[in-house]
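These notes are about the structure you will find just below.
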Amino acid sequence: MLQELRERVCEANLELHRRGIVLYTWGNVSGIDRARGAIVIKPSGVPYAALTPEKMVVVGLNDEVVEGELNPSTDTRTHTVLYRAFPGIGGVAHTHSPYAVAWAQARREIPCYGTTHADYCFGPVPCTAPLTSEQIRRDYERETGLEIIRTFAGIDPLARPMVLVNGHGPFAWGRSAGEADRNAVILEEIARIASATLALDANAPPLEEHILTYHYERKHGPGAWYGQKDQTA
Amino acid sequence: MLQELRERVCEANLELHRRGIVLYTWGNVSGIDRARGAIVIKPSGVPYAALTPEKMVVVGLNDEVVEGELNPSTDTRTHTVLYRAFPGIGGVAHTHSPYAVAWAQARREIPCYGTTHADYCFGPVPCTAPLTSEQIRRDYERETGLEIIRTFAGIDPLARPMVLVNGHGPFAWGRSAGEADRNAVILEEIARIASATLALDANAPPLEEHILTYHYERKHGPGAWYGQKDQTA
Amino acid sequence: MLQELRERVCEANLELHRRGIVLYTWGNVSGIDRARGAIVIKPSGVPYAALTPEKMVVVGLNDEVVEGELNPSTDTRTHTVLYRAFPGIGGVAHTHSPYAVAWAQARREIPCYGTTHADYCFGPVPCTAPLTSEQIRRDYERETGLEIIRTFAGIDPLARPMVLVNGHGPFAWGRSAGEADRNAVILEEIARIASATLALDANAPPLEEHILTYHYERKHGPGAWYGQKDQTA
Amino acid sequence: MLQELRERVCEANLELHRRGIVLYTWGNVSGIDRARGAIVIKPSGVPYAALTPEKMVVVGLNDEVVEGELNPSTDTRTHTVLYRAFPGIGGVAHTHSPYAVAWAQARREIPCYGTTHADYCFGPVPCTAPLTSEQIRRDYERETGLEIIRTFAGIDPLARPMVLVNGHGPFAWGRSAGEADRNAVILEEIARIASATLALDANAPPLEEHILTYHYERKHGPGAWYGQKDQTA
């Protein structure tokens, strides 16, 4: 079942590791088959060297394991909340990449300081509010997802496909597992460059609105002219 | 047509990637055949793994595509402005290398803090003024080039073969695509070291004028004595 | 004698090197066979490329060399103090990994700024008091171990399997040499991210107690649900 | 002539490159045969990929080229000054490694913040005074060497085998070309860790004198007990 999606999700998990932003098992990527309502996700705590498409776990949109003998990622319920709330997304990636985590730990959104950021995220990368102990008692992973949803009230999740979870770290998403992956890598680079920018000027101004808009539209607007006509991402 | 230049430009693009300063497709290098007025440039958004000399695009000095089925880099019109204004240059490289981008986002020129910088750039690395919304409406990529030209009024572009575009990132150039490449890599290293210098002393003084001059002349002056007699770069 | 432990300790030493946190011979890992009271440790100053299980040195809990023709690591007496005081540990790792050393040189404990830290260390990473000249005259390596013990009064060493030695660098431990290794690598990553966090906010708050507890329990509590049922680490 | 020294110096140059602290041709290592008064040094501006023992240049202690068809490194006269003034040294290495250059550009000596530093350098890494324009007119490379000598008045060059040249970058030396090499790599690591230390505490105190002495003696004193008995470095 879902052989192709299993392969793509497995590959997306391995790719995150190859990109050098995941230490040990500190990351997980999932992808969804919307027609079947089935999510393929990395098993919990399995080393990257041992990952195969067969070891991926299939879960439903209500968190139930549909197929697979291994436990799914402990963050699964955060992924499913995102899939339910953001119908346009096809993949979710979570990492502990160092600079994105540093911003999450400093509990600051990442301002859009330049075109590198604007090319992929239309405005600051939001940071969620911290979870209360009541939320943690209720369901930590699920509440983490719900906080992300709350943070994105009024924001198009595909125009800003990334978020910092307060005191924790980044989640990214996209139209596919591969795109979620790429956005997680880009978020780390954006965070790293933003840190270096702040070190040069603690009051660095954000990019002017008109350049932000221009750059984002160049890659993502209806008449986008970046790349080749038959490219999907 | 232009087979040798295609090969050299393709190789220069791949080399930038191998040097680790280009993430995904975040860079482009071009080279010019002055006799024919033909510029060879990377196609837009094509992954480095898929680049071949045949996929390079040939454009004229007025931005028209002369040969090639793929779209040229979206930054093409910035490259052509530079070739028209700086007759001594043979190659242009654009990247989003992190430390150079950080200086561009902090909107600061990079002072010449030491001989590593002085060996390749005779004075600070300039930073352009920000573009107005009027300029963006007119022609963003072309205006980016024109701002660079304005910034270099009275400056020899071969004595300072690099610039930071405000809120965006670096462009570098040289007598050939390979030299433009090397200058883009060196700019990133200069920017990184300058950031580390500022972290140690927020008021670090620039290099004394007499040492700046000595170092630059040692490598680039009429009687340069660095390297071997038959070296061209 | 102790062939399997020799192999695992040799592999743990090589793994530290492969992880890129050990320059030259700046690190050593040991493991203990509690039943025999025998510790296997890296020989002093031998390059990683030349390490083999046969070259490992076996010492007793009172520091006497039991087997091996090479000198054991000069830090051996620090390791043996830890094995005597912390009966639950099976391995010890010492490195000079750069960010952990920076915190040790700044003589600061590493606050628990986020879940990445909380997943492995239940509270701040402690920093020992500096050694007096009297302590150094007595027995530097042994006193280093004793200072660590003093610092851990009232702290479960397996809940915080890492420490910074004042003005020196990190030690980490675990149930096995491999786990000590992994904790040394994680300490370096925690230290690096904490440095990046402080750069963004010099007054960054520590993680809320209830999230710290939740995350630590998720991986290490009696009903831990991270990973797969048959995993030991 | 000097085949073995040529091989060792060539290898030391390649090793610096492999260690990742030399960009392009930004470094040079030499070694001396004291009996013959002959120095083997890297040729100027030759890429590392093309270096062979045969291409090394032999110069005398008065800077005259004794053997070799290529120009010797432009920094040769700095090397020869050091060999004349420091009779105990057998090798010299010069790089533009980024953190050491940052300290040289901030024109600050590197305080001895911890044992990692103390193991190799007995006290701060000195920084020279800047060169005057008079000195540059006279003989830049030679005066650079003379400034280093002046800076080491009263300091044993083998107890502190490294220096920062003001506004320029590091030189390191040792009993052999290989040891000079290793000291250049260690200087870069010391500088990087010192930068990270200062970022955590702008007033970080230096290591206590009694620990500095203990650590240095452990590796370099008459009764050194680090490493194995038959080790030379």
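Letters A, B, C and D mark the chains in the order given here, with residues in each chain numbered from 1 onward.
As a convention for this text, a contact is a pair of C-beta atoms (placed from the backbone, for glycine too) under 8 Å apart; a residue touches a chain by one contact, two chains touch by 3 or more.
Since we're looking at a predicted model, the values are computed, not measured.
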Shared interface partners, meaning chains that touch chain B and chain D | none
Compare the two sides of the chain A and chain B interface and say whether they are made mostly of the same residue numbers, over half shared, or of different ones.
-> different
Quote the value, from 0 to 180 degrees and to the nearest 5, of the angle by which the CA atoms of chain A must be rotated to coincide with those of chain C.
-> 90
When the centre of a chain is set as the mean of its C-alpha atoms, what distance in Å lies between chain C and chain D?
-> 33
In whole angstrom, the CA-centroid distance of chain A from chain D equals 46
Overlap residues in chain A, where contacts from two or more other chains coincide | 199
Each pair of chains that touches, named by its two labels | A-B, A-C, B-D, C-D
Complex contacts: residues of chain B adjacent to chain D | 113-116, 182, 185-186, 189, 192-194, 196-197, 199-201, 204-205, 207-208, 210-211, 214, 218, 225-229, 231
Can you name the residues of chain A that touch chain C in the complex?
-> 23-24, 26, 43-46, 70-71, 74, 96, 98-99, 101-108, 130-131, 133, 136, 140, 167-169, 195, 198-199
